[in-house]
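Which chain is which? They are A, B, C and D, in the order written, and residues in each are numbered from 1.
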């Protein structure tokens, strides 16, 4: 059983009627719903307004993969929670950062770069599989058309990804590394660009399939150990 | 002084008037001309119809960077010459493979994959810099518009590049890893997609700048040693 | 069920009594035996002296992961079989190359470099896990001592691996990238250095565990397609 | 002219007579001295006890490559200075982190992982070149013996390096990725393990050559731009 926690700042969906119409219970609930239909996955949700943002040591100890959506309130996430999440990722918890979460504190502390990119409201996107051999692309069509999406364009200031599983083509003339994997410590990280809150992108079956694949892939088979510190080792015998 | 040899199969430019009009002396001569204007570069050319395709041991011994354009006659390049070029690349000679040279024997033996891609005649391309920190991108604008180019699209079956310096956006809806670096042995390899023979792409100043940068980058500072074989080493002392 | 074919040149074990004593039925039989005890794995063997070296299209069509041991007779493997194996790897068949198989034709055509290294008979090796987060290292101790092993030392002329899962320390003063993963086309490749024929290395439980892990990891979840060629695509609609 | 700033916490050399005997003016002065003999390099020093640790905006604006040695007082470096240095690295300033600086705040914020490793006082090290094609290895012997060095051993919790230029072999039975390159934003980073303060390692010509090579390599040819932020781009014309 893969234990997933879907975290959402849950702000836009309460403030704007148009967004609420798309995600009445919040983006997290939409994601939790389609994940929950998978036999091998069990889901819980957490949001910014909960105590400790719902990400206590207890919750993280029972989370194999954390999904993260954030945008307007990136800076309101407490540094203590960010460091706690970071420790768990380094110890083997998977992390899936969606859309504007590229600019979240947790992604910045884990990846170290500015995470900056180009953006513009309103474009059409065609998502291409650029690593068809990767488990996250299993059973995914070679292209997915997203009728409306916010444009995210290069240069995207990230460390070199392990794999660029998806590359986005935008009708307005840009390209983007839209699906990137990273490894940090024992943790597997997947950044996935689609999912602007004004469009019903997480309702698309093809996008859901990718997120389901990503949950499976981010779930490490390796036993987790916490914490990771420098170790003064005794001398080995017989050398 | 960087010693460049520009190799071209030199077939299309002789067979088709329209192509001859663009490259009257062949693609190689066009490339040699703009490279030759660089103070630090000295150029010679070689073509398929020359003896040993103009790539004798003597020529390669005096070549720091080899530029390769081929398309219609990939299979007519002799295996002996291919192995000779491969040895020199592994020993430190730089290699720049242009456009359809992705499917050349030399690229296939060096990279090992099928090198397959999607293609279609006629599209408009916008080239994006996706590694602006790379020397090959030095002084290059973040986008270059190529009014007419053959479409090359993903999935491009290559081993994971060291860097994807340029990514192509095609008006017809595709993306492509258009500028990729690889290291094999001591040799630096740059694959660069632009340059379909029917369009005057190598006459574009921006494209020329990239090729000039690539020549500088592919020129290894490391002293070359030939050949590379397994070595039965004597025991080290004092261990 | 993962279908494994263990291929062995099967020469040393017949020629030398000391080696025969370690592997009476050949190295392949030893490997097949411990793999065969795994519920999820089914095994067959093939050797150099079989017709088409036992690697017919039929056999490869029913092979998910091919294990390869070769040394003395690398050059006697037919080029036709090598190209056939290469096609299957690019289409998704896993490949595990053991010890001196670094210098096999199949590894050379897939990786493109000289595959050269330093070597010397007789040393003691300590294998270190240098990518403990990797599935091939799951459940493996952080070091494995191999009392007697042939020394393989750097520089090892390989393309940059996706991961260096194991690094070898030799008592004689050398280091080696002893467990390396590569992806070529849809195929996952694992090179694993331990296993000189004069020492009972494949009888070691810890080494067996690594090979079992590697079989699981090399088994791609992605549906295979053969062959991979360039594709002239029709225009996409609605762009 | 490459403008280098050598930064040192400068604590051990003042506190311990034995260390002072090796580096009477501090490790930074030793490094500055051999760098200063290079025609293409100009050097200044900065230490922890200076105002703003000697790393003002003004100093960093005139620094192409920053060398960093720290150990006992990692946590006393102010967060403000760390963020300032990080911004400059992302904007193209090179960074060379020596020995225990793997655990500095600046390395942790740039790389994101725990940076943990194994260590033990007293061993003998043999440094192997594992990327002989890399400019940092130019003219360096394939092995360098360091008679006395603190042992640093794997697993070293770093993100996957661009290149592992050097790998350390320790007589006590360990291996280590001793010379690693990373790219973050426009900045080139080199981590180099040798240099425990109790041994005269920076007096060794071979070690000096590597640091000189690293200075040259870390010096980016690309014009720096500060800061790097997300950019709301206007629509491109003519798409």
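The criterion applied here is as follows: a residue touches a chain if its C-beta (ideal position, glycine included) is under 8 Å from a C-beta of that chain, and two chains touch if they have at least 3 such contacts.
It should be emphasised that the depicted structure is a prediction, and the values quoted were computed from it without experimental measurement.
Participant: Could you quickly compare C-D and A-D and let me know which has more C-beta contacts?
Facilitator: Pair with the higher count of C-beta contacts: A-D.
Participant: For the homomeric pair chain A and chain C, should the interface be classed as same or different, according to whether the shared residue numbers exceed half of all numbers used?
Facilitator: same
Participant: Could you grab the centroid distance between chain A and chain D? Build each centroid from C-alpha atoms only and quote it in angstrom.
Facilitator: So the centroids are 32 Å from each other.
Participant: Could you give the separation in Å between the centres of chain C and chain D, each centre being the mean of its C-alpha atoms?
Facilitator: 37
Participant: Can you list every residue of chain A that touches 2 or more other chains, as numbers and ranges?
Facilitator: 126, 132, 143, 153, 160, 162, 171, 173, 183, 185, 236, 239
Participant: Taking the touch rule as given, give the residues of chain A at its contact with chain C in the complex, in rising order.
Facilitator: Chain A residues touching chain C: 92, 126, 132-135, 137-138, 143, 145, 162, 171, 183, 185-188, 220-222, 236, 239.
Participant: In the complex, go through chain C and note every residue touching chain D.
Facilitator: Against chain D, the touching part of chain C is residues 126, 128-130, 132, 142-143, 153-156, 160, 163-164, 167-170, 173-175, 177.
Participant: If you look only at chain D, which of its residues touch chain A in the complex?
Facilitator: Checking each residue of chain D against chain A gives 86, 90, 103, 109-114, 116-120, 153, 157, 159-160, 162, 171-173, 182-185, 227-236, 239.
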